[in-house]
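My structure is below; once you've seen it, I'll send some questions.
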């Protein structure tokens, strides 16, 4: 088992403190073109804390960031779906990125969500995100005119964005929110663009993910699982990491799952993965951002309120949430 | 047949020029509370013309408005889905409303789309739309976190918007774009809010529309069909008008369909309605805004390009579009 | 039971000609080719009563039929979805038709569901239904391999069935059960077959129904609404009748709705239609056949149990069902 | 055909123990209760060959069986979706099982599809399948009244079937055909029934599959992947085998994928898995049973025609099918 041997080499480094990602990541680095940004690893798509008046609470954000800084994340995603970006003004979106950059270790990646409905707005926001210190742009599919968001339109959109972007672009498909699943043929074609380096796939169709890895294997194209529920399976079929809401809550555990997968410890990985499915479903599909923020509170982070129209959890929902964590041994 | 008799009275007025809506509308006026805005009638949700550089083309917009001014519309919807509002900046959204107001006859209604993803942004934009001269606010369902946009969240959202709105609010459900169908129980509850006066329903479920009319009959709640494809059926079950993309192209014909329905000329109405279904599908579900804008060109309006990521029609699509109009005798 | 009493009062009028179906139907008769079966009117898709041991209860069936015989239905549908035909053996399906035929007045139509998954089985069952005394065959779309049930396959299927059928064939699209919506282009092409005379459309998309009427207007093709929820709207756009589960319960009321639509009494029709939507939804979409059978008990018919895996209603469902009838004045 | 040649070479090794299934399977055997049937392994859900007249071609079936007998399958599934069971009469369904049993090695499992719409019919057919020699019953979810096929109804259905079945029961969820996804809570509850031993899950939601394994881990409950597209991922999260249409065509390759997964050769497994995704999609989702049967012809099996309403492939579809195999190196 090659994986395990490789891992054995790196264990001592891990023993010395935070386990050494760079060495582990050499296993996937062979896929990388010289100079291309290596996305491999785990990212929390960070939540945006608000004050009681629903203003962005930069103070509490900073406190969360200090805690995340101690975890072996590859970096942070700012303005993913869990960041409530559709509820932020453009100014807020950029300012949050600027604030995160300021506190983030230089070796950590800052992936900033810069997708808007129109191509022009996306191009502009991507530029602003670059100026604010982002390392990569995570660009969600436009979705309002979903009947027209076919391969051709999406290829045009992403091509224009990538042509103009000072940052490498990561495609972002999250059909549960957008109602649009970036078509496989569009992904394959876009993977050939020199400034499009990967995909965050939150749809969870593992057959599709495997096929994307297969059909882009000639490119330096990196697939990230968009949810913790299928993280292990995604590693199994060739993904290089994950952007997982649950990493806001159980960050070290998700990094441990990464380690187990990369080291070929599949039996242990499976046990850990299985314990993460229900908590993950609770803070994503079932209870959404309000659920995520509630769970963050239990685990020592600032979650707090969401912006309206998202609603606080009911008592029954809070009980369900707690049950999903406690029945799996996390609370 | 009461309908026909009533119509007979108004025919002479029609003969004298633009047919007299006020008299026709007395049939529905009994549903209106004193002082409530009467929404009854046909509205084009106007398209936004762009220059070659994708700037808003106010000049061509003005020319379109002059043509619409000669048609017996109840008013105009500005920033409906066909106005490409998700591709406009907030400033553009407001400015377009201001420009339309300036050229619109005072007796015509200006219904402005002011929906945003967050409640706070919707409240603010609604205020700006009021300041820009809108008569009513058309508020689309927020939709990004569609798994969380249940009745409770939507009732809260619309209640806050309506509480704060200087304008009467019209609910707007357009599931083909949003993936959210405003639940019937939310509509019924919101219909009791003094500042929520109606619903534009683009879903086209005629059973639902009939039930909404039924369950809000104690309120002064006005339902508008959101598409020409089911306009006659909607009148049949109690709607008071329609906001129809096709009215940008075949405005007089849709007003004639209204007249036939209101006057009880159902046989003639049916013949006309049937000829409108395919052209309507072509400029909405099948080919979207690019199709609508192309058809506008054929009928003497400025359509022009859309903003990216919407794409121009292919040659095959243009042929299909033409066929859908010509096979029904419109070209 | 107001409904039944009311009906009793109006029966004599029907006999005397105040509501003479034959005359009313001449309005649609102009569409009929000489010799083609006129489908116009209302049909209950009858439920199949079972004994406590889940055998077909022919005795209770006969008693229901006696009651239906007094109502001005155009005929009966036997083995529609509400007849639990998927739970009957082939022998039972045929025997039920035979029994119904024996008690049915000769001038009433017996439309028998003869659809099976395979074309060959459908051909054979259609022949048996003819031998058992059916007047027309109602043929549901095959649906198991739904990904392959495209226009081409369905056109082949129905063409073979109609070629071989001793009975005129009525197409039957019920996507809520089958997951297949018979495509419009298939309907249009099949409408040209000399032995395919109509469509029962239970999907309820009124735009589609209007377009089907429009595009088959050169043929003698008759569209029946497949549910009471959109019966009035369907008449409005050109349907000639309805096959409505609710007619098992509120038969006279549905016939009255037909009369109001055909006589142009649209205002009265609307009031009646609106009161029928919730009871109809309760016995179809919401609570299904168990709901229908429970409601039948309240209105003097034998409903009784369903076959497993359909389950009896819970107490809460029974309350909901009662509420849906009582809040609309039927109980 | 590289695949078959390769297999020929490896067969002796299997005999000699280099790939000893029994030993490999001990890794999962620890989950088995004493005496419970071990389902672990790969199964083709065999196709049913027909003569030109659409009769079952038992002769060609026998020839296929002889070829399958040389492959290290755990057994065969007879009357899965790919067996066109909805197009067979009950007599044919049982007779095919009887014929397969006669030619099948005694140590190979015969899993027979015995699901019908009604509970009573399913109970009866399961008994007949037992009498015909089946080792286990694969029971598809009833689906016609899909709105009513909730957890409660399905739990009742399967419990009655399992209570009465002489054979151990395997649940079968195939939402692409049925429109019903057996709810997770129903699976979990049913896993506690002593006569329900596993699940064939063809939905492909890997998060769900992982969670089912997790939540049934106290039971002796075995999950089989229902398609080759996610076979490796399913092994990864705890499945014990697969029932894969593609095994009718590339049986040895799927058994090799099993071997690689069970032996922890994940890198090699990934390469092989990826090459199987497109061929698998071609013979399932894209082109269905007609595609499967066409591909079988190319690989030396009898595929032949399907029963109507399934249609033969078009020339374009045949080209697409060939391309999906050849571009992955199988043709």
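As written, the chains take the letters A, B, C and D, and residue 1 is the first residue of each chain.
Here, a contact is a pair of C-beta atoms (placed from the backbone, for glycine too) under 8 Å apart; a residue touches a chain by one contact, two chains touch by 3 or more.
Protein identities per chain, from UniProt: A, B, C, D = 4-hydroxy-2-oxoglutarate aldolase, mitochondrial.
These numbers come from a predicted model, not from an experiment.
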{"item": "Touching subunit B and also subunit C, the following chains", "value": "none"}
{"item": "Distance between chain centroids, defined by C-alpha means - subunit A, subunit D (Å)", "value": "35"}
{"item": "CA centroid of subunit A to CA centroid of subunit C, Å", "value": "52"}
{"item": "Distance between chain centroids, defined by C-alpha means - subunit A, subunit B (Å)", "value": "39"}
{"item": "For subunit D, residues that touch 2 or more chains besides their own", "value": "none"}
{"item": "Those chain pairs that satisfy the touch definition", "value": "A-B, A-D, B-C, C-D"}
{"item": "In the complex, subunit A residues that touch subunit D", "value": "1-3, 204-207, 210-211, 213-214, 217, 227, 229-230, 232-233, 236-238, 264, 266, 270, 273-275, 277-278, 281"}
{"item": "Complex interface listing, subunit A residues touching subunit B", "value": "54, 81, 86-87, 89, 117-121, 142, 144-149, 152-154, 156-157, 160, 176-179, 285, 288-290, 307-311"}
